[in-house]
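Here's a structure for you.
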């Protein structure tokens, strides 16, 4: 079993123009920084990106947007990103906005082999347009389909050579869901350790879901909204 | 917030005749021994028990069967249990056998607020009789409904006063799923600690799902199939 | 006098109960956390995957891996837990969160809410709002009674694209506390100190139900 | 000569590849674990919630919290992980398990399998078998070619209640290795050493497809 690759460039080398990608992270928290940088270097184009957010102008998926690599974003919130807005208004970029819980559960469905799920999110709103509605116990639900993605790209805190992953704090977010959902799953980790060093009771993503793993470098981990309180003396 | 109760008897005191219970565990591994003993003492009757297995003659749910407390078992495998077989053949006991993955996913559905799920398990078999079949991408799936349970009774390794739970090894099995699925969830744990002592990154069941918790005692943890190999010298 | 945003939050905090699990949206709702009564255990859920959110970190102690759904750096309290987004919305969808407080651009007298999209403006997305309003058992909207143009935000029907239908149970504005009647209508429960029933009437476009004397809020 | 159960397992082990995730059922399939080639990484999944199952524990080292799907005490290998039953069947349903080996009472020439219920006998339940056969990408059945009465277990149609339909890809018996033809039929691939094609023909009730010379198995 050989899941360990040397670096991000090797990990993403077969990602092709027009591929459907999932990218983990919430805002800039828990995003696969190394793989995004490698995708920018590779210059692969016409990508569909399933990711909760679209980064900011000069970080995260924003870097791929700036480089005109993204054809379509599937997100729940695209936030503050001037270049994103420009491309959207000019028609260069397609955007599909879907509720955050629906996004998460459509990933889960893919990872759990369920072709579709039911959720009440969006019933009675424009999100429901054209979708199948079904009533269970007096409440309406939308039928939403499992995502299909060619590659899932996730970031974890620790990983082992078998592909087992552990995330830290809220950097977990969509990462374990997307890890389960990709046809090919690529994981970058802050700390890569030999199989056997992680506690088997604390694995968030079992290695069976992970095809390639590498230890990333130079994590910037940019903070989007630095909010602090003053220390009292 | 006061989730800690003194013992099993207090934890189960409002379980009523005819209640629908979920009981965690796989075989005799990870079963809520203290609560089962308390249910036998209380003598509550006509119970519907959703549990992967039905215990053995003199342990686990087998003790409740012997005491004629169970009206219906919903399980995937009822194993070796002579009293169970006697009650079933005499018509005293109803049994609904469902595929193990369906059992697990119907718990998950309840815990995740999904009214129903699709699974291919049982398509083309007698399990599919009377059920809705739907084709997605050329494959048939059965529509299976979320369970509803009045009480979920689970066993964890460690728990804290906020109800956060950590399971050990394969004693995890159905426990976290059922913990999410009960209207009222009762957790017995081997080690009860103050909130803050468990690693927040390693919690399997967040406390929001748990209503009552207590530290169990005298765990027998019986082994069903003791299989060993000899040490070479 | 109309309440400040802080006072709106303060009034909403009086709806909290010991042991409540609460999801607070961005804006005024976030401020509710500052008014949790001493000694009361209220666990804050952040839908990006945390139960047990604490206050903002002290300067220099920010952790980029620890943020809330508004992407702000935060801390945790003892007994916190982290989980993935599917479990987070799973517990929301299953009704495990006792109270959800969120802001709105419009609320209708039937309890519909609009808070994510203004036609003609750049749409940023609904985030988790549609999931929250579709599932939460108890939803309080925290908002100003009128928009910057002075128009009522409490309407017979929402004019903006909806976030969810028939979901809001209570509205707390700078002028009043109002419950949504199951058959439609804003039931006036409390007035802001010094704000008259007539003023509230004038600024509420939807059906207003006034029964008996309406007390002033205790802040 | 017909293979022993150990030899059936040994033959099936030759289907393993480095990096495979494999689920082994109870009975003959369990024995496959003893023949994983030296130096090959094969990760065993136990559907009660474990990846990375190891051998039975040494006497005195049994842990009641660590069992396999057959409820036997086991151990783990480095790199193992535990998870709940929903994730376990989730990974099975999503086709993440490369190979599933299980026993059967009957297999039909279309790849249907019956292995959970005999009318008139106490039914113990299907456990995880229906989930496994409905979802696994590559299913090998390990069984004896005939039942204790000498009747063929490879049939045109199963006579017992089905566990799953059109799912079996390969059957390894004490007499032969057979693939299921997509349009139906058992394609004879290998004979047990010393077992004639005629004997296999005589003991196979379903359609048997024989093309060219059929080699003997290498054990």
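Going by the order they are written in, the chains are A, B, C and D; count residues from 1 in each one.
We take it that a contact is a pair of C-beta atoms (placed from the backbone, for glycine too) under 8 Å apart; a residue touches a chain by one contact, two chains touch by 3 or more.
What you are looking at is a predicted structure, and each value in this text was computed from that prediction instead of being measured.
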Any chains in contact with both subunit A and subunit D?
B
Measuring centre to centre, with centres taken as mean CA positions, what chain is farthest from subunit A?
D
If you tally the C-beta contacts, which comes out ahead, B-D or B-C?
B-D
In whole angstrom, what separates the CA-based centres of subunit C and subunit D?
56
If you average the Cα atoms of subunit B and of subunit D to get two centres, how far apart are those centres in Å?
28
So how far apart, in whole Å, are subunit B and subunit C when each is placed at the average of its C-alpha atoms?
36
Between subunit A and subunit B, centroid-to-centroid distance (C-alpha), Å
33
Flagged in subunit A as touching 2+ other chains are 105, 112-114, 119-120, 167-169, 172, 200-201
Can you list the subunit D residues in contact with two or more other chains?
76, 82-83, 86, 89-90, 92-93, 135
Which of line, ring, star, complete or other matches the graph of chains that touch?
other
Run through the chains and report each pair that touches.
A-B, A-C, A-D, B-C, B-D
Per the touch rule above, subunit D residues touching subunit B in the complex are 46-50, 55-68, 70-74, 76, 82-86, 88-90, 92-93, 112, 122-131, 134-135, 161-166
Mind listing the subunit B positions that touch subunit D in their complex?
26-30, 52, 75-80, 85, 88-89, 97, 99-105, 107-108, 119-127, 157, 167-177, 204, 221-231
Show me the residue ranges of subunit A that touch subunit B in the complex, using the header's touch definition.
105, 112-120, 136-137, 139, 141, 145, 166-169, 172, 199-202
Contact residues on subunit C for subunit B in the complex?
18-19, 21, 41, 43, 45, 51-52, 76-83, 86-87, 89-97, 135
How about subunit B: which of its residues touch subunit C in the complex?
1-3, 110-114, 160-162, 164, 180, 194-196, 200-201, 203, 206-209
